[in-house]
Structure formats: C-alpha cells, structure tokens
Amino acid sequence: MSMTSLDYGKYAIFIWPALAVTAAVLAWMVADSLLRARYWQKKVQVLEAARAQPGEKPAP
Amino acid sequence: MFQALANPQRFMAFSRWAAPVLAVIAAGLLGWGLWLSFSAPEDYQQGATVRLMFIHVPAAYMAMFCYACLGAASLVGLVFRHVLADAAARACAPLGAGFTALALITGMLWGRPMWGTWWVWDARVTSVLVLFLFYIGYMALQAAIDDETRAARASGILALVGLINLPIIKFSVDWWNTLHQPASVFRKGGPSLPPEFLWPLGVMALAYMALFGALWLVRIRAEVWRKRAQSLALQAAG
Amino acid sequence: MSGLWILFRRELGQTWGRGGGPVLALTFFACVATLLPLAVGASPARLASVAPGAAWLALALASLLSLERLFERDFEDGTLDLLALGPAPLEAVALAKGLAQWLANGAPLALLAPVVAVALGAGLSLVPMIFTSALIGGLGLSFTGGIGAALSLGSRRGGVLIAVIVLPLFAPPVIFGAGVIDAYASGLDWRPALSFLSAYSLAALALGPLAMAAACRNALS
Amino acid sequence: MITGLHLENLAIRRGERLLFAGLCLDLGAGEALALTGANGAGKTSLLRAIAGLILPHEGWVRFVGARGDLEPEDARSSGIHLLGHQDGLKSAGTAWDELLFQVRWTGGTEASARAACRLLDLERLLELEVRKLSAGQRRRLALARLVASPRSLWLLDEPMAPLDSERRHLFGHLMGEHLASGGMIIAAVHDPLPIPVRRLDLVFS
C-alpha cells in the first residue's frame, strides 16, 4: 500500500471537518460516559463511608 | 445469559473487565479502520469524498443498531421487569442519539460535494432524521416522568411502539422518495462496492460497535451506582 | 358489550359536549390555513401546488390538540381507577376513547380539510378524495396520538411532550394521506397510496389500544 | 360473586421503599377489616394491590367464589368497589349524569341508582353540577354508587372523613347491611368504624 497522499485537493474542506466532527462527538460520548460513572461511583463511596461510621448523624 | 447478568453484583463484576477490553478492541479497530480508509484508492467517480463514506455509513448503521439494542433492553425490562434492563435502555438512548447526530452531520458533509447542497430530502437521510427525533422523544418522555420505575416502563412502551413503527416510517419515506425524486441523482452506494471499500467499511463498523459496547457498559455501571446512591441517601434519611 | 356502549357514548359526550366540541380544533385548523398564504404570498400557482399537503399538515397538527384531555382528565380525577375495574378491560376502554376521539374530533376536521384545501387553491374535483384521505388518516392519527397521550400520563409537561413523541409517528399517515391526493390530482393511480393509508390506520386501530392500556396500567400503578 | 379473599405472603414496594412484606390474610363473607397505621405505611397501596392496580412485589392476591377459585380479572371486573380519595366525578357534569354513568359502568341500573339516591337523601342534589356540591355531598354521591351496584368486596380509603356524624351513622348502617348480605369490607381508617371489625395494623417497616 503506497503511503497515501494526504492532500485531497478541493474536497479537503469537507473531509477534515467531517473527521473533526466525528472525533468531537465520539470524544464527547466517551468523556460523558466516564465522568458520569466516576461521579456516581464516588457518591456511593461517600455515602457508604458515612453509613459505616455514622459520625454526628444518628444511625438510621 | 439474561438470568446470569440480571443481578447487579454479577453484572458489575462482569463489566468491570469487559468494558476496558472492549475499549481496547475499539481503539485498535478504529486505528486500523482509519488507516485502511485512508490508504484505499480514490473512487473513480466520487474522488476523495469516498473517505467520508467510511465514517458516515458506519455511524448511520450504528444509529439503527443502537435502537435495536434499546428496543431489546426495553422488551426485557417490560416483560421480565429487570431493573438492570431498564438501566440498560436508559443508558443506551444518549449513545444512539449521538451516533445518529454523527450520521446526520457527516451525511451533510458528504452530501455537499456530491449533491451540491448541505441538506437533501433524500429517503435515507430523512429516515435517519426521523430516527433522531424519535431518540429525542424517548429521552424527553423518560425525563418528564418523576417516578423512575414508571418512567422506565412508559419509555419502554414507547421504544417498542417505535420498534414497530420505524420500519413503517422507513418504508413510507422510501415510497415518498420514489414519488418526488424518481431519478436518483447520485450513484447508490449499494452492495456493488468494490472489495477494497468493503474492508474499511466493515472494520470501521466493528470499531464503532466495540466502542458502543464499551460505553454502554460504562453507562450501565453509572446507572447501577446512581440507583445505589439514591437508595443509600433514602436509608440515611431514615 | 353494554358496558362499552355506555362508555363510548360518555366519551363522545365528553369530547364533543362540554369542551366546546371540535370548534377549537376546527378554528386552529382554519388559523393555520389562513397563515399559510400570509407567510408564502398569495400567488395562486404557488399555493395551489402545496394546498393538499398544507391541508394535511394542518390536519395532523390540529388532531394533536385534544389529545391531552383524552386520558389526563380521567387520570387526575380518579375515573381511570373506576374504568380499570369495569366490565371491559382497559384495552376496550382505550378503543372506545380512540373511536370517540376520531368521531368527535377527526371527522369534523376531515369535513373542513377539503374546504381549506380548496381555499388554498386545490381543484374542486379533489374534494371527495381529500375528505376520504383525511377521514381514514384521521383514524390513524387519533389512535397513534392516543398512545402518546397515554404514555405522557403523570408527566410534567403533557401537551408539548405528546407532540414530540407522536409527530415522528405521524410521518406515514401524512406521507400517504397527501400522496393519495397528489396522485389523484395528477391522474396517477391513487389506489396504492390509499391502501397504505388504510393499512396504517387499521394497524393503529388494532395495536394502539394495547399500548394505551399498558401505558394506563403503568400510570395507575 | 366473591365469597373469600386470601392474601398470601404479600409484599409491596413503592419505588425504592419496601412498604411491607409477608402479609397473610384471609377474609370471608360477612367480615370487615379495618386497616390502621401511619400515613405512608401502605394502606392505600394495599387496597390498590387487591384491586389489581398495583402489581405486588411478592406474594398473591387470590379470590374465591361459590365454586372455588376465581380468575382475578373476572373477580375484579365484577366484584370490587374501590372508593379512593378521588371519586371520579366530573365537576362540570350534573350529579345525576355522573352517578348514572358510574352505576351503569359498575353493573347497576337506573332503578337501583334512584333507590340509592333516596336512601342517601340525595334527590335534591341530583340536578346540581358536581362542582357545586360540598365534600360531604360528593362523598355521599360516591357511596350511592356502592349501594346501587351490587359488588361483594368494598375497598374503602378513609370513607368517613368528609361525612358529618349523622351521615356516618347512616353509612355504618349501610355497611352493616352489606356485611349481613354476605359482602366484605376492607377500609383504611384513622378513627374506628361503627361496625364490628377485625383490625390489621400496618407497621411502618
């Protein structure tokens, strides 16, 4: 496979934005999913820690 | 298989290793796919824009694949009343909407050089647009109902209604398309694709599927934690 | 069967009687048709070409209006509990409500549709076909819309939510409904389009009540 | 015609909370049961679960007729009256129209509706619109439905609340008659009922 030529002539203004948009949307999906998972995981850890040793709050 | 994954603990243990594995596979396939699509020879008629096909067609395919997963998860959630299936459906919709939006945008960017306009009311593009509106409707219904179990069942019913209606909509839009645009303006990218194009297309589609699989598992894990956090907060409130 | 007949007559009364009947929906329909020439200019040639389609679009939007009251009122004042414990299952209740919605709301709209289309420049010869397609399509619109109404029970924003859920589902009836008139106007064979339209409406008639009843049971639980 | 109700190991969950579990109960013809317990303890949910509106988390609701077990669907469509906080009367309709529909829908006739109105002293109110009625009058209109349509199991959610003492006595008498004729009553109440009842206290789990 010869090394591909990366200049697309007059179509370049469509291919690069398409790649950029694809990268952006996929990146957003990955980031949103990971952040959401980490956020709720931390929340559970905090709540379970609070439940383990009640501290000032009366145990239920 | 459903019974095994039904209870959250076993699912969390399974997805803890499955999600990263799928992510690695997705990354590998994505790299390979991109390399393939950029080393494929230029199409004699569409020129370099055929590169766009390699990222548009997999996205459009994923839009429908995600909806099939959404429908399946909703069916399991409604019939077997699995909480995990409801979480799976809830987690799947945003990803499906993301792929559909991606398909529409790359479709426009592909359409501009080929058809001369950003937006053409072509049968497939219109069907993908209706599918996108349907995703929004699904998520809007889910967000509008406060009680989570009721929201899951209501949106599950809507997903099944959609599962029945989307093929009908696809058919009606195709029928409508033949009515208004008898001569097809562009060469249909049908199965007559030369093999050197099928490879990048297939690899990219597999890459998107692996990525979707990984992200779906991650979002379901987030849902399980969210529900766990809610019940912990409820117990703490006493 | 008598229980169902009692319910059907009551639903007709509810939809037709107190709420001013279909006058509101008809007025909305006329307003949309009036705004069209104001928006696109009054040149007969341009209007005539879109007249049947515009009439059908306005019909679909008008049929959305009274959907919110179809289940919401009974859900809020406890009637749905009573209906669930009656001689007929909720599926039959949904069927009665859908038919009442079609007759009390769809039929008057179907009567006005040809008037609107002609006012917008459609040929007089199209009137019977416009009425037929609007009537048959109205059946599908009522039952598919009923599914949206039942699904949005207990949600915060009823009206707009129903529209967002239901409008994508209105694509086939709008396509086939306008397609029938288009084919009839241009002398093509209009039978396929009409049969597709009828198929969609009958499917909605058959499957709609199942989804509506499931949604009602979900909202009641 | 329901002659017996059996709850077996019934558990009901509302969203995240498990209201109660392992509830077993047998109710025979002529028996009444008073449900007591704090608000939110699940009294209304239990009534709605028996009526089939809520799916129990675990356990069974079984109905028994003269000839053995009844299909829950059949039992509920012809044997249960559920009187909740909302009475299902359209405020724009006249009292008689609303009552007539409810009576006919639940198996009664115009004659039985007229008789019920006489019994509950409602004749003067029949032509009024429902929104003009007081809470007590609306509740009597709903009670007229119970009397007019012969159904054996009454599920009542705080039936006495809006009634004044004289009407409570009358309703107590009606409940007595219903039990005497082989009917059954389950009522969620805060203050005691004027009829002999067994008590079931739903403890806040």
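As written, the chain order gives the labels A, B, C and D, with residue 1 at the start of each chain.
Throughout what follows, a residue touches a chain if its C-beta (ideal position, glycine included) is under 8 Å from a C-beta of that chain, and two chains touch if they have at least 3 such contacts.
For clarity, every value in this text was computed on a predicted model and none was experimentally measured.
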By CA centroid distance, what chain is farthest from chain D?
-> A
Ranking chain pairs by contacts puts first A-B
Which chain is in the middle, if each chain's centre is the mean of its C-alpha atoms?
-> C
Could you tell me the distance, in whole angstrom, between the mean C-alpha positions of chain A and chain C?
-> 43
For chain C paired with chain D, centre-to-centre distance based on mean C-alpha positions, whole Å = 37
Here the gap between chain B and chain D, centre to centre from mean Cα coordinates and rounded to Å, is 49
Indicate the whole-number Å distance between the mean C-alpha point of chain A and the mean C-alpha point of chain D.
-> 53
So which bits of chain C are touching at least two other chains?
-> 221
Which two-chain combinations qualify as touching?
-> A-B, B-C, B-D, C-D
Touching residues (chain side chain B, partner chain D) in the complex | 147-149, 230-231, 234
What residues on chain B touch chain C, complex-wise?
-> 78, 130, 133-134, 136-137, 140-141, 144-147, 150, 153-154, 157-158, 160-161, 164-165, 168-169, 171-173, 175-176, 179
Seen from chain D, its contact residues with chain C in the complex are 48, 51-55, 73, 76-78, 80-82, 84-93, 101-102, 104-107
Give every residue of chain A touching chain B within the complex, in rising order.
-> 1-4, 6, 8-12, 14-15, 17-19, 21-22, 25-26, 28-30, 32-34, 36-37, 39-41, 43-44, 47-48, 50-51, 57-58, 60
Contacting residues of chain C [partner chain B, same complex] = 147, 151-157, 161, 164-165, 167-169, 171-172, 175-176, 179, 182-183, 196, 200, 203, 207, 211, 214-215, 218-219, 221
